[in-house]
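By written order: A, B, C and D. Residues from 1 in each chain.
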Amino acid sequence: MNIRATVWGENVHERKNAVVAEVYPDGMHTQIAKLLAEDAQITTRTATLDQPDHGLTDDVLADTDVLLWWGHAAHGDVQDEIVEKVANRVWQGMGLILLHSAHFSKIFKRLMGTPCALSWREAGERERLWVTNPRHPIAAGLPPHFELENEEMYGEPFSVPEPLETVFISWFQGGEVFRSGLTYRRGAGNIFYFRPGHETYPTYYDKNVGTVLRNAVTWAYNPQPAIEDPTKAPNVPVETALEPITERGPKLHAKGEEGLR
Amino acid sequence: MNIRATVWGENVHERKNAVVAEVYPDGMHTQIAKLLAEDAQITTRTATLDQPDHGLTDDVLADTDVLLWWGHAAHGDVQDEIVEKVANRVWQGMGLILLHSAHFSKIFKRLMGTPCALSWREAGERERLWVTNPRHPIAAGLPPHFELENEEMYGEPFSVPEPLETVFISWFQGGEVFRSGLTYRRGAGNIFYFRPGHETYPTYYDKNVGTVLRNAVTWAYNPQPAIEDPTKAPNVPVETALEPITERGPKLHAKGEEGLR
Amino acid sequence: MNIRATVWGENVHERKNAVVAEVYPDGMHTQIAKLLAEDAQITTRTATLDQPDHGLTDDVLADTDVLLWWGHAAHGDVQDEIVEKVANRVWQGMGLILLHSAHFSKIFKRLMGTPCALSWREAGERERLWVTNPRHPIAAGLPPHFELENEEMYGEPFSVPEPLETVFISWFQGGEVFRSGLTYRRGAGNIFYFRPGHETYPTYYDKNVGTVLRNAVTWAYNPQPAIEDPTKAPNVPVETALEPITERGPKLHAKGEEGLR
Amino acid sequence: MNIRATVWGENVHERKNAVVAEVYPDGMHTQIAKLLAEDAQITTRTATLDQPDHGLTDDVLADTDVLLWWGHAAHGDVQDEIVEKVANRVWQGMGLILLHSAHFSKIFKRLMGTPCALSWREAGERERLWVTNPRHPIAAGLPPHFELENEEMYGEPFSVPEPLETVFISWFQGGEVFRSGLTYRRGAGNIFYFRPGHETYPTYYDKNVGTVLRNAVTWAYNPQPAIEDPTKAPNVPVETALEPITERGPKLHAKGEEGLR
């Protein structure tokens, strides 16, 4: 098995903010890619906002099994056209993993159909993630709970659709809770949202976070061939109906006409 | 209880196509509204594509508890701005019922985050709807199954997210099946997709279809106050944390600064 | 609307344990019934373990729209036959609300098909319940979060099936989290599990808890007629098939024979 | 990867009924095992009702990654004690695949918590299975739909809990529909119900059915270590709370006392 992962990083704060630059001198995407590289079955590349097509050309997308997405400062700068291409690749079968502030990324909101809002506090407080779905593939090898001593708080309500499965729930020192690991399927694509990862803290150096990300890539990987055109609505002519039927009643569409959309 | 329903009809084929005009001389929206009026607890108004703001002004939306949507020929003519306003009202708590070809409406695709595609055939064949979730509120008063002698076929796969509940599944004479009644929740809004309703057949004169629509309106109605701004992501200052915490570590945001989005 | 609720209380600790007797001198079931009585649309009766058939005779069950269940010390003393009758009534359409330690009741485990286990600590610590599904009927009228200053801790993982919807998640002072409000549907019956309610604390005197319980009763109420025999698997004779078919191939069952089970 | 599958067959009709004996001279379990053997990564053994412990000793269960279950005539003869052991193994992480009439097996009803009833007709009619969830692992390599020319009809409503995912829906010649492929998770165990497989027809010689079963075994396999005691509800002493707390208020349990259940 060889899974081709692409780590997309906004790479803005890493260059503009001294604090972030110190924690992630080569960019967060580079460090996230390093975490994935610990699994020999994952081949990783990175892409960033400032590249042509944000590094997500048709070729790159076609060559990506699982896309990881970290963004925060520049959600609005991501071109709508690229967002649509990524959505289409997810429907075709590409896995997608949304990290932390990517809850407000265009692509996550596009695929959820909800605001994806939450409450937040940047105070470096303690976060404890509880595994609510033991032996879920994404929780493989994890202890029953693990801590991040300094994290940004995200609090409920998190306005996302009811997930397929809730894998993690976070406890925060300041009194909040959050559903920190949620799975979805959109078309043929598996989607995982994972909460931690504020850019001023060394979250992507954490051993357990690395385990989660590698597990999530393996879980999200769909080895089956891509659905060629997920948005196609094929007409089934009456002549080729699986059970013999005779056309009846008035018709809107002339024979062989395309459907309306 | 008084539920304020708005029936939105595209009202294009009714005026341009002789067949449809004969079946629905006053427009499909008018006939759908008549079905709802059989329930004294539902107050109904209609709105159509050609009206200013498609009849969906801020006032009308604020005054609508449940919106029903039928469209087919002119999905692309619905303004994106109105689609966003409708989505926001759904997140606030307005119910939304999508009818037949509204599977490809902008608003349904917006809220599902998937292509909402399917296969189809216009042959006036027999459709039989089975209640898969007996005693679900939307199936109240229905027999275990009911037939529409002439309907357009919609076939699986229907590329929508896994629903909260599957209420109806259709059998088609030509050999296909379809999940014909699906429930979702997006934000505070209840959503129901109901398959039948091709414009060249008298589906909206069917007694059982009327029962489904009235049930669906009652089910989708959320009597609670609207969520004022569903897209807001409030900051919780460290000073007002529910449990006393001390700010630690480096910060990205200056005190009182708005969050990024 | 008149909803007939039956509050089932084990009523063991209230009589054997001085602490509990002081908090609930008339029994917990009596106090829970008082909370429900604040809603004029709910008619309440109580039933206890020591009554014949634990107070859940066929007549009482037939006359119950929603059953609330509190048990802890004597789960094993509940007769299996009564458990089966309650399960059957749920499948028929009776609502069921499980309270706190009822996570280990025979009836909850029966309907979930899982161990329903969790971790726990009795230290009178602070619990804060967060509404994760704002404007859900069960959360109507509640603030975004509310506290119980002294409660027993229940911690994840809670080994229940993935719910239809997660309404509440609890934060505990000692560092744990718990999915405190979960909805299910089994047959025609709506089921709600609600976490708080340890017998040594005055939880059932709390205003917000009262709101939750009244909301939950209203939500769980299914006004439709009971499914007469939910376990029946009717044969459909070939002669009465909805579409004309001819019998083909070898048969196991003689004509008119009952199905195997 | 090596997945250890155990095919459990009731093996009653194969010996008592001439028709079935002719179709499955070595028993249905043997033929199902042959289908699995086409995947070199699956090691298969069989077990039958008439063996001691129905062939499902503690050792066999501990040595089984995925259990397939076919039963019909003798559901009632399966010992309750064995059913509980199988349920416990599922909660620990063993996969379970229920075939056709196993909808009424004790183990399926035990894990679902519902009647699992349906309507049926034995007329050798045509069944067409539609893939409703394209590129789901269980549908890998299948065409969009496939037919079984002679099958027993199962009709909705199928009284099971709302599934995690619906993979197949069947169309029947006589006019019914059925959710033929449903996934569940109970504890750490993945569960799949697959409808076809009436004993008087050669269903388990069908190429597509073989593909489904091999896919389902691979999908259901959970490579993680078993949860040792899934029914355990551990106490967390106040002294070892993750966040320092002080014991407060009245207590029911003496220090170190076991929880009630």
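The rule is simple: a residue touches a chain if its C-beta (ideal position, glycine included) is under 8 Å from a C-beta of that chain, and two chains touch if they have at least 3 such contacts.
Only a predicted model underlies this, so the values are computations on that prediction, with no experimental measurement involved.
Chemist: Find out how few touching-chain steps suffice to connect chain A with chain C.
Modeler: The fewest touching-chain steps linking chain A to chain C number 1.
Chemist: What chain lies farthest away from chain B once each centre is taken as the mean of the Cα atoms?
Modeler: D
Chemist: Once you find the CA centre of chain C and the CA centre of chain D, what distance in Å lies between them?
Modeler: Here the centre of chain D sits 27 Å away from the centre of chain C.
Chemist: Could you grab the centroid distance between chain A and chain D? Build each centroid from C-alpha atoms only and quote it in angstrom.
Modeler: Computed from C-alpha means, the inter-chain centre distance equals 31 Å.
Chemist: If I count partner chains per residue in chain C, which residues reach a count of at least 2?
Modeler: Chain C, residues with two or more chain partners: 128, 133-134, 155, 162, 164-165, 173, 175-176, 185, 242-243.
Chemist: Draw the chains as points, connect those that touch, then say whether the picture is a line, ring, star, complete or other.
Modeler: Chain contacts: complete, every pair touches.
Chemist: Along chain B, where are the residues that touch chain A in the complex?
Modeler: Those residues of chain B that touch chain A are 13, 17, 19-20, 23, 72-73, 75-76, 87, 91, 101, 104, 110-115, 117-125, 150, 153, 155, 159, 161-162, 164, 173-176, 184-187, 198-201, 230-238, 241-243, 245-253, 259-261.
Chemist: State the interface residues of chain A toward chain D in the complex, per the touch definition above.
Modeler: Within the complex, chain A touches chain D at residues 93, 128, 133-135, 137, 140, 145, 164-165, 173, 185, 188, 222-225, 227, 242-243.
Chemist: Going by the contact rule at the top, pick out the chain A residues touching chain C in the complex.
Modeler: Spelled out, the residues of chain A in touch with chain C are 128, 130-134, 144, 155-158, 162, 164-166, 169-172, 175-177, 179.
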